[in-house]
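Below, chain A partners chain B and then partners chain C, in two separate complexes.
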Partner chain A sequence: MPLFRLLARRAVFGLILVFVVSSGAVLLTRVAPGSVVADLVASGASQETIARERARLGLDRPLLEQYVTWLSHAVRLDFGESLMFGRPVGELVRQRAANTALLAVAALAFATLVGIPLGVVSGSRRRGVVPAIIRAASLVCLSLPPLITSLVFVFIAARTGWFPIGGMTSIEAASPGWFSWLRDVAWHLPIPAFALALPLAAVLERLQSQATGETLGEPYMLATIARGVPRSRLVWRDGFKASIRPVASIYGLFVGGLLSGSFVVEIVTSWPGLGRLMFDALRARDLYLVAGCATVGSIFLAAGGLLSDVALAFADPRMRGEDRS
Partner chain B sequence: MRRTGLILMAVVVGLAAAAPLLSPHDPGRTYDNYLHAPPTRLHLRDADGRWDRPFFHPLRLADRLESRYEEDSSRKVHLTWFSRGVLVAEEDERVGLWLPLGADSFGRDLLARILYGARVSLGVALLAVLGSLLIGMAVGGAAGYFGGALDEVLMRLAEFVVVLPTVYLVLTLRAVLPLVLAPAQIFALMVGIFMLVGWPYVARGVRGIVAVERHRDYAEAARAAGAGRARILFRHLLPATLGHLGIQATLLLPAFILAEATLSFVGVGFSDPTPTWGTMLHDAANVSTLAQFPWMLAPAVGIFTVVLAVNLVVQGSGRVPVSTAGR
Partner chain C sequence: MVRRSLRIFIVLLAICIVALVAGALRILQPDAFAPASRIPSGGSLVSSIRGVPRSFNRYVAPDSAVETITFLTQSRLVRINRATMETEPMLAESWTGSKDNLTYTVKLRRGVKFSDGVPFTSADVVFSFRAIYDEKIGSSIGDSLHVEGKPLEVSALDENTVSIRFPSAFGPGLRVLDNLPIYPRHLLEQSVNDGTFAKAWGVTTPPAKIAGLGPFMLREYQAGQRLVFERNPYYWRKDASGARLPYLDRVTLEIVADQNAEVLRLQSGQIDCIQSEVRPEDYATLKQTASTGRVRLYDLGPGLDADSFWFNLRNDAKIPGARRAWLQHVELRRAIAEAVDRTRFADTVFFGAAVPVFGPVSPANKIWFDPQVPTPAFDRARAASRLAAIGLKNKDRDGMLLDATGQPAQFTLITQKGNTALERGAAVIRDELRTIGLAVDVVPLDVLAVVDRLEKGDFEALYFRFLTSDVDPALSMDFWRSSGNAHVWNRGQPQPATEWERRVDELMARQASTIDLAERKRLFGEVQRVFADQLPILYFAAPRVYVVTNARVLNATPALLRPMVLWSADTLAVSKTPGTSP
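Presenting the complex of A and B:
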């Protein structure tokens, strides 16, 4: 069964990815100049205290030994303790990863809901004012990376006061209850999510537009018109079904783009996500925290690739190894 | 559309090259009375409604704490052409400064900084693109020509790098290296890191083309004529990859410009006195700065223009430009 084999291969690649990325993170951070005890040294602590701290953190042991110890704990899902926060890495990373996932999913949903229908409209009509406007807007949005969109949106938010300028929750909105918390988060979400979604929506629009145009040009579509099928049904049902496949295949690539994009957006809008955490950890040489973030990030990547393949299999019978014709 | 993109690109490169000629002021010079000064408004008619050559009213500091300025409409400063070796500048700098895009938090001319910054930002990106192409050609050519285990190892490696999110890869590589360096060292370091990240995109395509082309008749003919391996590879096979190299160059360029901007923006790239689009955005990133002095976002226009130019070229050649999304 080809689908199963494909997914198995994907899963193995994913496992290797997670292993290599997390190991690379540990080794790179360890050999980097500077260390997390630098603050201690600077504060003038005694040699003895520094040595004790280094021993506690495992920094006095040789690189290989430290790595093996980390790995043997990591496979049991114990990622050690953050040197910077003094809390378990697993706990920190889980929370931040959830925040990043929320941001990414919101952005992806928005990009899909806006980009795909617009792509069908602009792809099904060659001429006309509306498709031309969509195409131009899409090309502009495509050229606005999240770094710029997030800065511009924060500027707009600061000027108008319509949305909060950063963070995920307000300090003053401390009223208890998960409902008010949810409302608070929902109020903070639009700015970072739109900033992340705008270029993605443009990509989806362009791809869907091209795919729709190509599909409608197929001879069997002409045959369908000849049979008297109304044009709207032709575009939105038959054309849409056939053209979704090339678009679905791009979703797997989006996970990497979403992670990259969300990093900048998190920094600009102070969204407490994984990217920010990893960046802070890198700068502080917080070895285990960097490794924990890298591990979760690579799990996201691997899972994204796997999900995209499954989605593709549903959209394209050939991937399932069935022959329906 | 393709031509528009190419022209736009040429204009940006031309502006960067002509920076010394076009900048009214030195990009590093700080003017203490012009901190966060807004873009200068030019007038063609004076208060009495008479036409005049382009002039502006000098700014007077109204509130130093809030960086508020007022136009001193009793005085006029005219623009002059081709004085002090500059295309256009104010007549007398002591009376009033002409700041077409305003000033930054140190009172430096933003136009001058954008133009000089373009040299650094574009310079890093162009060199890195060149390096990526060279490494990608060498690796892809070797993998495609020799095949076997070498091919397998090199291409798995390339695939791996391509899968990883670029920003994180670049960020991690940069962050584990010493953070405080001289500008020239940072320049070299960034080019090096970007090359490491960029070559796999080139190599994968080159490998595919070379692997197919080497079985073509013309390659066999060259071999039959006694050409050596290196000669076949360089003279006969690699020229077939030129189209692919062109595509990759257009895709990598905006990605590298953004990577520089991102690194400098978060504070691990170039640092302040060096003007680059990234360090300038870093200066603008503060929320209160952003809200009060939006002209600080001017370098974003530079980045947007370059990416737009590339997207126009890509779109014009009938492909869907997806590479820069989300970066």
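Presenting the complex of A and C:
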């Protein structure tokens, strides 16, 4: 029951988050200098043409009126029409969101599968060459922002030809079957996924290392060792279960971090995701499209928070209401 | 022996004459492209573009991605040959002008079909004009096809002839039509009638519903990633040997937003060309790659566009009165023109790959550049005395000037953030002006914010770069005339604010309505002299333009006007030599 209440509370917070972020996106983009008709201004269109275009796009209406109209449609899941593309926002955002989710899931999976085991290794052994190498590598990866890692990976790909430099599919695979398409996407995925995952893996490694070290120093762990339980079992089973809680509790925040990080990575690696779309929308001051992208981003963030709570519930019985103390 | 030599000489002479006549005949065939030698047909070319297209409809979307797509998929009645800057016939086979130079009777090419197989007729031309002039559509192309504020009158005389009547004599004549792709009436007329044209041919329109008269047709748009074009089987242009163009089977436009990634992709052979010039900072790397034979670097010489620096000269500019007096004074502009060392400017901002310029017409514009226009010499002492004459004096001996009210001689210079050349240029201007005691606060802003400030007149000084769309000044009346929107220092004046602007208005009106080229040049030379005297915009250097393509790209004729490589997409080809393809 406490878990259900917690999840319900988080869901309500999630809805508030989505409302605040999307409203903020509309209002801030609207008040930001510049407008979607800048191209028209730069192309030498007459004042009359520019004024007509502003009126057609509703940019001549007061800010509040524009926001209320948008909100009344948004609550019915109608996010309006992109000012830039003249198409429904939902239609434009849907496919890009799927691409970003694919990238985020791949990066998260890679970061988890690499960062957590390495964290256990470095946390369970205070001395030695291997933990030192892991710690040093983590510090390097932590200090590299996704922009640099993606540029480095793109550079390596360009020099070696091992991976495609950018995009999500090859030109040759423009209309193949599902299997070829999947294989092609899988070939394009490593560069952006590694670029996103490396700093994240380093954070996970550091957190897990700290938590493992602290857990293994607990008196009940020392007692378990004294009872003759093998060290590897202690580290990888009992110790891992106890030490994963702090990592799981902030796992959801990583989803948000991944989305904000993917913003840059998607641009450098030409990954056709939500970050790229939002970048283009922001540059063009397409407020409805920005709001659509921000809404989806905040849904990801809220979902990440929920996921984090569920993961924590699995790792910590107290979260499931099984704590009788 | 002498007789034999004479015979050989006569034979050789005859061969030369035959060759010359054949060559001349070929030149006289405007629709026949003369191939360099054995151009291979087939293959595909990959180019990059930076932005995503907002639409596939050029009439309503003026962005550069749509412009490039339009060059691939559509045709015009006439076009400006970007290599020669001359007007040449395209869908218009020939034309004759009336004696009063107002009406052109244009014969259209027969047998031309849209990419969906529907024949092209004069009705499509009339429809296209109707669409761009439709107020509900609000096309910026429509605005550019006005002469003296009035639209052109277009009517169909028969299925293959149209009459185009100008409201007044117009020097550039049909050259103005380079801006107008001809759209298929059979696909778009309904949307014009029911008021949905602005949404027609949007980015989610199925490619099968889009047709054109260009060398390629859209096959697929992978949103945010790439556009794939296939050769148009009905394309009308042929090469000199009678082979149908285009040579290429496929063109792909990869959307690469990041310029660093774009260069890396080019170096690795994943793309064949980029649609803009090489950045100064990329030149050394690409030159090295060119020396390995992987890419080809074209030096097009000085560009048409120099970075522009100007003050807000509006009467209602939001500048306090005391500062406005000296900030809008012509002597300040003259002092700045003399204080900036243009050679140092070119060396620092463009790493030496630039030439000093002094006016709005770059030496690259060979037809209209007037070398007789006076240019200011680099002379800081003279600049300082000019500033003293308008009350800017070094009263506290710290090297920085104060105005008559004791306030520092200081202004804010807005420029575009993220454009490295502009950011470097603004920093050099700030440093150079410090040497004569002027303090400059450089404020880099997002490009949309810069345009917004320009539109609202909310700036003291701006440093920006405009792209030239044509070399003929009569096609940039918006810039020259005081009422124009691109008259950036004081836009949209109801009446000329100054005598010299009134003079420029008169000269430009005469220049645009004169047919004789020599007289037009003379009048425009006078305009340039007024401009050089009043300096409403200051120019310092025009960068040399380098264009790069993969070495396997054949027959490229890169040009200063955009799209630099794909403007001649129908005659581009790729080598099939192994090892050169990506």
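Criterion: the second predicted complex is superposed on the first by the 302 of 325 C-alpha atoms of A that agree within 3 Å, B and C clash if a C-alpha of one lies under 4 Å from a C-alpha of the other, contacts with A are read in each partner's own complex, and residues count from 1 in each chain.
Quick note on the criterion: a contact is a pair of C-beta atoms (placed from the backbone, for glycine too) under 8 Å apart; a residue touches a chain by one contact, two chains touch by 3 or more.
This structure is a prediction, so every number in the text was calculated from the model and none was measured.
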Exercise for the section: Look at A:F279 in the shared chain and tell me whether it touches chain B only, chain C only, both, or neither; answer first, second, both or neither. Expected result: both
Exercise for the section: Mind working out whether A:P33 is in touch with chain B, chain C, both or neither, as first, second, both or neither? Expected result: both
Practice task
Pick one for A:G119: touches chain B only (first), chain C only (second), both, or neither.
Solution key: neither
Practice task
Report for A:R87: first if it touches chain B alone, second if chain C alone, otherwise both or neither.
Solution key: second
Exercise for the section: Pick one for A:L196: touches chain B only (first), chain C only (second), both, or neither. Expected result: first
Exercise for the section: Identify the partner contact of A:G239: answer first if only chain B is touched, second if only chain C is, both if each is, neither if none is. Expected result: neither
Exercise for the section: Check whether A:V152 is in contact with chain B, with chain C, with both or with neither, and answer first, second, both or neither. Expected result: first
Practice task
Would you sort A:G297 into first (chain B), second (chain C), both or neither based on which partner it touches?
Solution key: first
Exercise for the section: Kindly classify A:M168 by the partners it touches after superposition: chain B alone (first), chain C alone (second), both, or neither? Expected result: second
Problem - Contact residues common to both interfaces of chain A (with chain B and with chain C) - result: 32-34, 151, 154-155, 158-159, 165-166, 267-268, 279, 283
Practice task
Going by the contact rule at the top, pick out the chain B residues touching chain A in the complex.
Solution key: 160, 163-168, 171-173, 175-179, 258, 261-262, 265-266, 268, 281, 284-285, 287-288, 290-291, 294, 297, 300, 303-304, 307-308, 311-312, 315, 320-322, 324-327
Problem - chain C partner contacts - residues on chain A that touch it in the complex - result: 32-35, 38-47, 49, 52-53, 56, 84-87, 91-92, 95-96, 151, 154-155, 157-159, 161, 164-169, 171, 174-175, 267-270, 272-273, 276-277, 279-280, 283-285
Problem - chain A contact footprint on chain C (complex, rising order) - result: 44, 46, 51-52, 54-55, 61-63, 135, 138-140, 142-144, 198-199, 202-204, 220, 222-226, 228, 252, 254-258, 260-261, 264-265, 267-268, 270, 445-455, 466, 478, 484-486, 492
Handout entry: Residues on chain A engaged by chain B in the complex (per definition of touch)
Key = 17, 20-21, 25, 28-29, 31-34, 139-140, 142-148, 151-152, 154-155, 158-159, 165-166, 196, 199-200, 202-203, 206-207, 210, 250, 253-254, 256-261, 263-264, 267-268, 275, 278-279, 282-283, 290, 294, 297, 301, 305
